[in-house]
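By letter and in written order, the chains are A, B, C, D, E, F, G and H; residue numbering begins at 1 in each of them.
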Amino acid sequence: MSASDSPSPAIQHLNHIEAALPDLHRHDRIVVPEVILAETKAVERALEIAEAFLARTGRAILSRVPDALHSALVSRFADQLEWHPASRMAIVRAPGQAPPAATGGRIGVITAGTSDQPVAEEAALVLREMGCAVTTAYDVGVAGLHRLFGPLRHLLGEAQVDVIIVAAGMDGALPSVVSGLVDVPVIGLPTSIGYGLGGRGEAAIMTMLQSCAPGLSVVNIDNGVGAAAVAGLIAVRCARARQERPSEATP
Amino acid sequence: MSASDSPSPAIQHLNHIEAALPDLHRHDRIVVPEVILAETKAVERALEIAEAFLARTGRAILSRVPDALHSALVSRFADQLEWHPASRMAIVRAPGQAPPAATGGRIGVITAGTSDQPVAEEAALVLREMGCAVTTAYDVGVAGLHRLFGPLRHLLGEAQVDVIIVAAGMDGALPSVVSGLVDVPVIGLPTSIGYGLGGRGEAAIMTMLQSCAPGLSVVNIDNGVGAAAVAGLIAVRCARARQERPSEATP
Amino acid sequence: MSASDSPSPAIQHLNHIEAALPDLHRHDRIVVPEVILAETKAVERALEIAEAFLARTGRAILSRVPDALHSALVSRFADQLEWHPASRMAIVRAPGQAPPAATGGRIGVITAGTSDQPVAEEAALVLREMGCAVTTAYDVGVAGLHRLFGPLRHLLGEAQVDVIIVAAGMDGALPSVVSGLVDVPVIGLPTSIGYGLGGRGEAAIMTMLQSCAPGLSVVNIDNGVGAAAVAGLIAVRCARARQERPSEATP
Amino acid sequence: MSASDSPSPAIQHLNHIEAALPDLHRHDRIVVPEVILAETKAVERALEIAEAFLARTGRAILSRVPDALHSALVSRFADQLEWHPASRMAIVRAPGQAPPAATGGRIGVITAGTSDQPVAEEAALVLREMGCAVTTAYDVGVAGLHRLFGPLRHLLGEAQVDVIIVAAGMDGALPSVVSGLVDVPVIGLPTSIGYGLGGRGEAAIMTMLQSCAPGLSVVNIDNGVGAAAVAGLIAVRCARARQERPSEATP
Amino acid sequence: MSASDSPSPAIQHLNHIEAALPDLHRHDRIVVPEVILAETKAVERALEIAEAFLARTGRAILSRVPDALHSALVSRFADQLEWHPASRMAIVRAPGQAPPAATGGRIGVITAGTSDQPVAEEAALVLREMGCAVTTAYDVGVAGLHRLFGPLRHLLGEAQVDVIIVAAGMDGALPSVVSGLVDVPVIGLPTSIGYGLGGRGEAAIMTMLQSCAPGLSVVNIDNGVGAAAVAGLIAVRCARARQERPSEATP
Amino acid sequence: MSASDSPSPAIQHLNHIEAALPDLHRHDRIVVPEVILAETKAVERALEIAEAFLARTGRAILSRVPDALHSALVSRFADQLEWHPASRMAIVRAPGQAPPAATGGRIGVITAGTSDQPVAEEAALVLREMGCAVTTAYDVGVAGLHRLFGPLRHLLGEAQVDVIIVAAGMDGALPSVVSGLVDVPVIGLPTSIGYGLGGRGEAAIMTMLQSCAPGLSVVNIDNGVGAAAVAGLIAVRCARARQERPSEATP
Amino acid sequence: MSASDSPSPAIQHLNHIEAALPDLHRHDRIVVPEVILAETKAVERALEIAEAFLARTGRAILSRVPDALHSALVSRFADQLEWHPASRMAIVRAPGQAPPAATGGRIGVITAGTSDQPVAEEAALVLREMGCAVTTAYDVGVAGLHRLFGPLRHLLGEAQVDVIIVAAGMDGALPSVVSGLVDVPVIGLPTSIGYGLGGRGEAAIMTMLQSCAPGLSVVNIDNGVGAAAVAGLIAVRCARARQERPSEATP
Amino acid sequence: MSASDSPSPAIQHLNHIEAALPDLHRHDRIVVPEVILAETKAVERALEIAEAFLARTGRAILSRVPDALHSALVSRFADQLEWHPASRMAIVRAPGQAPPAATGGRIGVITAGTSDQPVAEEAALVLREMGCAVTTAYDVGVAGLHRLFGPLRHLLGEAQVDVIIVAAGMDGALPSVVSGLVDVPVIGLPTSIGYGLGGRGEAAIMTMLQSCAPGLSVVNIDNGVGAAAVAGLIAVRCARARQERPSEATP
């Protein structure tokens, strides 16, 4: 029988087959929580993935949760659900699951305007779920520099942060200004605030990339989760180094 | 107890701590009113900010007010609210609060088409709140030059304006034409009218930036508030100079 | 004889025919000097235009002068030529032609970095040719805010400027910061310094357009001539108002 | 012998094989001359193509001729070569080849600035080679409207043009203004004059595309040849219609 | 009384003051109908403008009519309203107003795909309102060249069109192909069909601008009204030339 | 009677007139099914076209089906309709119409993330309708390389695919990685997943175009139908070659 | 000794350490030759890499060879060097190294214009080095469709190609037209020919990505090497299938 | 004397006036060396700045040094000059100035291709000047994953780096792949390698910004200095934490 006489073929879905890879990871690796980006997934699919995370890790974190998914989460998880309306983040914890233990990581999160707060909150929550101490200062943008110096002095002094996330939309100038004033790494977090030419965060991200202040790196527009992952990796690494005995640190 | 055994850390919100900055401002500075950009803020947050402005300055100005916020403003402020449906601006005045005193500033606001009027109105209202006299001429674009010369002659003659805001979308050619005809500064105010390539104001702002007529500077697309701030600063400064005694002006 | 049998047609060049336009100009109008943008013109054509200006006004100003044109200017005009190598501007004055009389206009010109100086110098020279007093402060960008406050205090205090031009490339953040600190109009002058995404001045102009500091308007990238025209119109208008008698100012 | 044992294959170049297509063309079709875009071709290849055109049609027209090709043309064609340095166009005519007969087509070509002349000249020359009468008016841009009305009245009156090409760079506003004043079709010809945002003709072409003046269509930046082809087709068609007997025109 | 003690100023709206301009127009000018772009106007404002047109010219044409405006038009104008749902155009004629008289202009309108029909219909209707004869051929794109040659032969032969509008979205290749096959001017009308990179008509308009087929000019994406204005001006001019006596055409 | 006295002209719609073209097609050509892109068509128009396809070929395939059209399809075709909600594809078969016979073509379809599945499913369904055997592996992106190697080994080994479609949004890095690991052609299928700079698939398609891994070509963002057409042509051609006798293949 | 007293650290360069990866490759894999992209490499570095390739594979292929590197190649490799000036490709073969054996792969390469030839030649040479038979047809673009049909009939008929590469700049319309006429896969190869909006190949690549003709995939602008890799993989795979016994092909 | 009779005003250059700012800096702050971006500065100006740095800090670092400046540096500084031709960096040390002391910071720098090495070298040199230990691995891009795992295992194991800089041009996929494999922060350093759509580093930076691998932040295209500043701040901070006594770290 020739192929062209065969019955119609079907689509075969491979089960996920994993392969052993060279192991690059040390045993005590720093764990950045996986966050489910909900807005591009159908409600049922997002719920399935959340259930899988819950079963595997005792926790599911969902970002950019649409209304329909929020309703579904409320009815399925009830009291297990922690809901943050401004940032539209949902955190579900398995019954009896403790919040993350403190890692000693210390991070500052500041925003230029009040409209940048939701994205900053997204970052702060992910950092909290990494066991980090977060200190925030909102609405301290360059149009009112007098509001900036006090919080910065607190972050570098009393709070002893290892890294600062600076969220800014519109002109996006604040991260450059902050980077010129501090000597900890700064993560520029552009937000999609602003309209017209360079709006939706485009001017903000470009000006951050063009900054000549040393120590500023950038994540994408509105990517609070990504900023938190970078800042958390830095801060937890510093915290661990502080907790090691000096002799252990120098091989 | 090591840090990793600590209970989960919380997010600490800094109170706003202000720092003394070198004082750059003279005593009689020209006050540009702060305008609350409402469209990127949650209703409750916008109301809070408006209340704070009312308490502090006796007035709150909100631009780009969404429907939900408009309803909330109506129910909270009733007669105190002045509502401009075309530009979606809201002005709330504290009981007994007088309108701004006349500063003597004189500004012309003209538009290329009828669709540019809402943005022009936004500018005109902010200027009125700066105590400026505003003279408008709408729908005088380059497709009908005969409609332009009369109003221009009035603005430069009888109205004696110190600066002209020219709002234009689509081809955005009018500010160049006006700048070539007058000798007062012109503020190009591109609007997001127009579709296709160069639409949403992109052609308009670019052609204004490319103008070779002297004396034209530009604000962003649909930024009526920004155009008013610039024009108001110029006009009030000129008005004050006119009110000074000549001997005072030359130190 | 039918048209298709006619001899080959030639190209007819119209002499420039001027038409009377409604007169919009008052008698004592503020004169912004015409500047010949040399880089897009052939050497011979640029020389012709310069000669025409010299004959008509006693002065020719050329910007963005290429090497070949510079040589030609030197050999044709010798001592009449004033050459500014950093900004590549040439000013030629007819024999016996006096420099412009002082108008009383006062302008500040500041730059974020040393690479922005040529464009700032272009603006300063055009303003000088308008009879304005210019005070400059270079290299005071946001990466070192402590260098900014002193000059600003001087400009607003002793120098009493009516308007400030702020030239900045790369992140372009300085005009926003300055606009938040002063109450005179600020002209943002982006420069084409910077590489990569947002380079060649694109991030700079976009962040200036997105600024929420009041009183900032923008000219195109590297357009020092344009910034000077706007600033000069504002400053001379203020100066004239100061020189008028108060009673004349209120019709 | 299996294929994989074969000797190495060579690259076979097909001779051009033509196929009969349905004939859409009437017998007396209007002939737009083919113009050889020289800048993207190697010198030898450009010469070959020019020779082929000369042999076939008695004429070769080359645009955007680089220096090296210009030298080669001079040495090969000597007196046969007609060279236009501003537009860098070369026209070579076979010995004894007459210039094109007049078709009766009448076209206006105007420019906003002097820097737009080379592109306008490119258009005018191609039109001349189509046997059209061309009337030009240069440097009549919107920064000096009083220079525009005289030439326009001449073009529409005495010269009776059927179509106007308007070349403009920078702000590109002139074609909109002209289209609002005349009732013949206008071809917008943006030029690559201008720098910064919207430079290199981008603002010019976008503003032309956004024009709301009726009767304006556009060709690409610096495409003088293309503008001439469109204008020539229109004008020659009108001229032929004028030469037909009325009874022939209505089938 | 000093100015700063004056009562609050109001906004003064200038009545439209018209100025006499040099008359460029001949007596029998070709009239392109004004079309009200409805989508950027509030319903009440659009109705006002339509009433004004009706009163002045006996006809109002509205394009891109939103649902709310359509309902308002139906209830206000009832039988006077001619409604085209695909292109969302509305034509209102005053009672007793005759349709436009035939001008003798002849135009072809073809589309690449069925999705391009609404924009093509917009063009065809405006041309009909100019008194032109329109012949359409839809869905003849380059993916099926065999469907193109028949209609083209009809347009050039029996229909004797003076100009062809070619509407195409997605790859936008059809106008180039048509321009290579005919010797009448072609108006490329890109449509916003297509998604992904180059979608919403961007690839279509760019490929048309890049065409090397002679005789193609372009209007903006989805600008059926604009394409009709250009094509109508060309066709009516040709028609009038055909109706003139030859002796009149050669001055 | 002159033309201008004629009654108003109407719009004449040409019946589609087909022309004979040179026949390029061999008799046994590989048939890529036509897919009706539904999202840009009105419901009634889409139904008409689907009916026409059903009548002519016994099958209609519709992609990107909006809700309203889906309802209309359900009510008109009932059991004949095969509906795929994730990819929003609809397949309608005429009564008694058999599914496509197997062609022997073998294709792999893999995705980087779960959000890319709808577009991948679109491709897989079109391939199934070409009679190809499709093997899929979803969610094997570069953030977890260990999940990639197993499926790839299966595709190249047991499944013996001739070509692999790799769908990826956001960073779009997977197709490069896969192309570096396999020696069958890879079709990069960018999806519109991702936000911020480079979002909506722009980074994905650009990184695929920039890949230096050999054997990767690209279709547009979200164009699952296009990827399937290319992959199907390749796979069916390979399958036919396998079914030919060797002697037939070498002319 | 504390770290801060240590002597200055040096930069340590890792030797390349390779790791075993899961083997995905079958034994008789199709080998796409590696091509050294020379233009971004220093002369000495490019020579080193070429030597390394020569030593390992007996052949080095370099693309986009700058003048300085060309001279260096001539002086180092003399007769071993095969130089293609149009495409600036260099092929160096070790002494005694045979040209590649014929694989049986058959490919067509066609171009729209003469300016596209260098890029097409780059593709043809790489294919020749893969042992493929290449048939070319140059300058058959859409502006002259009558030149296209003959070559296409030859490619599909006598030459029996398995895949066609279509190189086109400017409007980039040819690949769409070809894809609509043939049933082999088509690789669209945009070239950087063209100026103005959509120039440098941008319109060309976008229109190819937007094509609705089935079977077209795309590589980046001027990427002749990449087009050849894709086409070669397809053609050699087909050739091998033809050389297999049918029974081997169906597992 | 009125102002308009005054002699021509001059341009007054302010000396830099510094102002006291709130002190945000701790005493032992981490010092990122200032690097002079030479390419946008005139030779004389760059030399002046270098001299100033030498005098103040005993060292001057210049990046992107043009040929003319390189010659000037050689003749002025002779043996004091350390020159790196690939990255075009120059380091000048005052006589007797020791190289920087080791800080204990440990950084990995890897590149996707050989063309990315100059930018990576720029980063490595700046890090060396911060007293950091740098381990590099070049040419380990995704087209050959087997070359990646060995170096990564070394960096995380023996070298114990705190942060990895990953330089990549073209597809820019390597930083995403690395970020998915390690748990230290990764700095994506896009390079301007690549041509066509997404060339000059645009695709690279966008794909890095779109990465969903946790822990990746980005600096601008070719900004090796910026990447080094961020990585150095992180690594030195970790090193200092390792050197502190644990009890000091927990306030």
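Operating definition for what follows: contacts are C-beta pairs under 8 Å (C-beta built on N, C-alpha and C of every residue); 3 or more make two chains touch, one makes a residue touch a chain.
Please read these numbers as outputs of a predicted model, since none were measured by experiment.
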Chain of greatest Cα-centre distance to chain A: D
Type of chain F:chain H copy interface by residue overlap (half), same or different: same
Centre distance in Å when chain C and chain F are each reduced to the mean of their C-alpha atoms: 56
Mean-CA-position distance for chain G and chain C (Å): 50
Geometric centre distance via CA averages, chain F-chain A, whole Å: 36
Chain centre separation in whole Å, for chain F relative to chain D (CA means): 42
Junction residues of chain E - those touching two or more other chains: 3, 19-22, 37, 104, 145, 149, 153, 181, 196-199, 202, 205, 209-212, 220, 223, 239, 243, 250
Partner chain G, residues of chain H touching it in the complex: 86, 98-104, 114-115, 124-125, 128, 131-140, 145-151, 153-154, 159, 193, 195-199, 239, 243
Complex interface listing, chain B residues touching chain C: 21-22, 24-26, 29-32, 34, 37, 104, 149, 152-153, 156, 160, 162-163, 181-185, 187, 205, 209-212, 214-220, 223, 226-227, 229-230, 233-234, 237-239, 241-246, 248-251
Complex contact set, residues of chain F against chain H: 113, 141-145, 170-173, 176-177, 179-181, 194, 196-199, 202-213
Residue ranges of chain A in contact with chain F within the complex: 2-14, 16-21, 37, 40-42, 45, 49, 190, 192, 201-202, 205, 220-223
